[in-house]
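The structures considered in this document are given below.
Presented sequentially are two complexes of subunit A, the first with subunit B as partner and the second with subunit C.
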Partner chain A sequence: MTGLWHLLGYQFLQNALAASCTVAVCAAVIGYFLIGRGLTFAGHAFPNIGFAGAAGAVLAGVAPVFGLFSFTIGAALVFSFLGKEGRDRDLGIGVTMTFCLGLGLFFLALYSGYADRVYGILFGTILGISAGEVAVTLVASAVTLAALAFLFRPLLFSTAVPESALARGVPAKLVAGAFLVLTAITVSLAVQITGSLLVFTLLVGPAATARSVFRRPLAVIALAVGLGEVYVVAGILAAAATGTLPVSFFVAAFSFVTFILVRWLRGGTSWKR
Partner chain B sequence: MILSLIDRRISQDYPEAMAVPPPPCIRLSGVTVRLGNRTIQENMSFSLAQGEFVALLGPNGAGKSTLLKLLLGLLRPTAGEVSVLGKAPRTGNQDIGYLPQFLNLDSMNTLRARDVVGFGLDGHRWGIGLPSRKRERILDEVLTEVDALEFSKASFDELSGGERQRLFLAQALISNPKLLLLDEPLASLDIAHSQEVIALITKVSRARNMTVLLVTHDVNPLLPSIDKVLYLANGQSALGKPDDVVTTEVLSRLYGSRVEVVTALDRRFVVGAET
Partner chain C sequence: MEAIVASETFRNALVGGSLTAVLCACVGYFMVLRALAFASEALTDIGFAGATGSVLLGWSPFFGMMGFGLLAVLAFGSLNNRLRGRDVEVGMVLSFALGLGVLFLSLYGRSSATHASSGVGLLFGSLLSLPGPLIGILLAIAVGVLFVLGALFRPLLFSSIDPEAARARGVPTKALDFVFLLLLAVTTAVGIQAMGVLLAFALLSAPAGAAHKLVRHPLGALLTAVGLGLAITWGGLALAFFGPWTRVPVGVYIASFSALIYAVALVRDRFRGRLEVEEHGHHHEREVHD
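Here is the complex of A and B:
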């Protein structure tokens, strides 16, 4: 234990904890709606698309984060025109995602230098995050959460009973588009922590577990946020304690084990449709 | 008081003016709907009085749901005029209660019964929404009216089809509408549960003097309750008492082909309309 306390004195670890705890809140809330709207595949696609953006930015000689945000937000706008028909939409998302993955490889091939910053995007660089990046994360997360709070009821209504929401005057397309943009922002923030490959863990893991425990939307979201916090804090401390193993491995492992345990404890009934 | 005085004056001076019925709840005049290059309805005109209970019948693709969308303001007619409660249709009209055909069951499964009903009250408002006693009381009232209070805290996936339809009815009723549009509320119910839901709709609509337009494929369980039938087929429509509309002559004219209405054990079956 004294070892951990000693580690907590380091600035890099404090930065890592501050950024992760902030992003985990957004990711858990976004995840709740992603699952409800049947959009988890989009949650998987965004970070891969962001990878292409980051690679393009490195090629263009600017910070990867610009490419990350512009590509994911661009994809959000494209996705919102794909319609709400599940299979059609997922095909569109899949085609866009694979094209972007190819584009990312293309950018990397053109780039002659050592693309360590792109690898950071793929696997996460949470222990190398600066105080400035923490500040950006805090502001972006606060804006995202405020927007989600504003959209909350119409988003939930149009998720559950889309036709009634339309009839009641909910601007469903606008709400859906805004939600996808917020998802893009959250994914771009979360990529710093877990990397593109494991963003899904923070996004969907906590909400998936929480949904099998509680019913009331706010209770599910609160539990998801709590689980997300536990995963990232425990993951960062575990990685720091071992010294060599990556944070994202621990976050993904904790999320997976908790999900399985909760499902098992719930007696299997939750597997039912 | 003043109004009744005026009424009396009018009735004395112009007796024929009083014969004019009150303004209709729904009025369509010369409505044509085309989606793409397909004509769904051609030159449809009818009106429904306040408080009428009407079954909306017709084969798949005849435009039943399309008609509901016209009334909800989700779709504009290609030609003609639609008026609902004396005004042009618009979305967000609290005077209309709507029970849609399609739900996102995956997302509903983790909601409680009363959360679903609450959507009808304030689901369209921005923000998270603070809990309040008044809101809970309004929810309890409407849940009592549809006899769903006992399972109001159960999660949605634990409920039967009949219980779910009662909740959606409550969701539609919670804004105190004057017009209720129900899109196939009986579709997934067995006969006993159908009867139960029909009895509930009949009771509530009579008590509140609501106009009800109910989309269904089988008119038989509704025959004791409904005032009229609106039958859509082949771009044509017919409105009237069930005895006058669900007949061999009228339906043959609607379909433009030989259709026979067979009556057996007080039930009506439409034969020959399958194609």
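Here is the complex of A and C:
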């Protein structure tokens, strides 16, 4: 325990905690709607697409952040044209993602520099975040959350009961598009902090578990945010304590074990019936 | 050019690529009918975790992919009824598998004193680096999977298109669900060997997805999917071997052609759908009663 307190004194660990706790809040809220709208696959596709964009940016000699945002927001626009039927949408998401990964492979093949910089985007450099990056992440996340709050009621309405929302005049297409763009922004922010592979866990893990505990949207979102924070803090501390094992593994493992335990305690409503 | 055609790399790539394309197109068609796109994409990433795990233990990546694929199928299979609409559970298994993959990769990077990026080769495999002995294994697997698909064709098709009616008629839908997931896991393992983790989904999804949009009759759609898959693969190989851009990997062409074909089919279907909404419904009814 004293070892952990000692570790907390390090600036790099404080930065890692601050930045990832911030993106975990956005990811948990986005994840709630993502699952509700049947877009879990998109949550998996966005970070991969962002990876491809970042690889392109590195090749072009600009900061990865430009590639991340342009590719994920572009994909959000494509996804919003894919229609509502689950099967078609999932296939379209998958094909778009594979195409972007093909582009990523293309960029990597042309890039003759130090490819580790690109792989850093895949696996994350969570323990190498500067104070400046923490500040940028904080501001950008606050803006994203504000936009989500602004959209909250129509988004919730059209997620829970799409037909009556449409009948009551909620501009469903606009809301869906705006939500996908906000997802793209959140993913782009999170990828820079945690790496592509962990973003999906932060999006889906907390919200999935919270949804099997509560029913009321606000309660689910609050629990999801809380769980996200716990996973991230525990994951970073566990990784720091072991010294070399990756943060992604611990966060994914905590998230998975909690999910299984909660489902099991709830009588296995979905895993067995 | 003759030197290239005579080379073993070319022969292996052509044979291995064609086998993968045919297998992925056939299994992919049922994947599309069963709306299992996310589950199969998840299986490719789960295969990645399995492959890194077995490389860590000094085994062939193929064992790990098969093993983890089987475990994932068991986990998916214990899900409620069908996988349709179960993407949260698929996602949870996927996210855990990704975490394990990262763990294995980091352990691998240290244990072999090489950097983790050497294990990243698994992410983007290449048809151009298929080892000769693997072709025989690919052939055996493809023949086996296609044989099972052929033997189960009618009940599998029936339960894919209309599960409720199939169950009412006494088709063992649960067993078929499980068998199909197994075939899917084996096929993804083959796809990963040929295309790498990140692009294996291209040959599985795009040819079948496009054929499903273009052709209504199941057998016709299946054949169209095979044709499209072969066209994509051969086109990619032709450009990779004889094209002017030698640095571009074959996967780039295959992923781009896949996306292009699917996009064309999607646009065509939208256009047609707008013209004959009524007839569309009729077609669907006919399919079910066939």
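Rule of thumb we're sticking to: the second predicted complex is superposed on the first by the 267 of 273 C-alpha atoms of A that agree within 3 Å, B and C clash if a C-alpha of one lies under 4 Å from a C-alpha of the other, contacts with A are read in each partner's own complex, and residues count from 1 in each chain.
Criterion: a contact is a pair of C-beta atoms (placed from the backbone, for glycine too) under 8 Å apart; a residue touches a chain by one contact, two chains touch by 3 or more.
As the structure is a prediction and not an experimental result, all values here were calculated from the model.
Participant: Subunit A superposed: clash or fit between subunit B and subunit C?
Facilitator: With subunit A as the common anchor, subunit B and subunit C both fit in the superposed model.
Participant: Go through the superposed model and pick first if A:Ala165 touches only subunit B, second if only subunit C, both, or neither.
Facilitator: A:Ala165 contacts subunit B only, not subunit C.
Participant: Where does A:Val220 make contact in the superposed view: on subunit B (first), on subunit C (second), on both, or on neither?
Facilitator: first
Participant: One more residue to check, A:Val95. First (subunit B), second (subunit C), both or neither?
Facilitator: second
Participant: So, does A:Trp5 touch the first partner subunit B, the second partner subunit C, both, or neither?
Facilitator: The answer is neither, since A:Trp5 touches no partner chain.
Participant: Between subunit C and subunit B, which one touches more residues of subunit A when both complexes sit on the common chain A?
Facilitator: C
Participant: Which partner chains sit in contact with A:Leu151 here, subunit B, subunit C, both or neither? Use first/second/both/neither.
Facilitator: first
Participant: Looking at the overlay, does A:Gly38 come into contact with subunit B only (first), subunit C only (second), both, or neither?
Facilitator: It touches subunit B and subunit C both.
Participant: Check whether A:Phe249 is in contact with subunit B, with subunit C, with both or with neither, and answer first, second, both or neither.
Facilitator: The second partner, subunit C, only.
Participant: Once both structures are aligned on chain A, how many angstrom separate the closest C-alpha atoms of subunit B and subunit C?
Facilitator: Value for subunit B versus subunit C, nearest C-alpha atoms: 5 Å.
Participant: From the superposed pair, tell me which subunit A residues show up as contacts to subunit B and also as contacts to subunit C.
Facilitator: 35, 38, 211, 272-273
Participant: Under the touch definition given earlier, write down the residues of subunit A that touch subunit C in their complex.
Facilitator: Checking each residue of subunit A against subunit C gives 35, 38, 40-41, 43-44, 48, 86-88, 90-99, 101-106, 108-110, 115-116, 119, 122-123, 197-198, 200-201, 204-205, 208, 211, 244-246, 248-253, 255-256, 259, 270-273.
Participant: Flag every residue of subunit C that touches subunit A in the complex, lowest number first.
Facilitator: Touch list, subunit C to subunit A: 32, 35, 37-38, 41-42, 78-80, 85-96, 98-103, 105-106, 110, 115-117, 120, 124, 198-199, 201-202, 205-206, 209, 247-249, 251-252, 254-256, 258-259, 262-263, 266.
Participant: How about subunit B: which of its residues touch subunit A in the complex?
Facilitator: Checking each residue of subunit B against subunit A gives 72-74, 90-93, 96, 98-104, 106-112, 115-116, 119-120, 122-129, 155, 157, 168, 171-172, 183.
Participant: Per the contact definition, I'd like the list of subunit A residues that touch subunit B in the complex.
Facilitator: Spelled out, the residues of subunit A in touch with subunit B are 35-38, 149-154, 156-157, 159-170, 211, 214-218, 220, 272-273.
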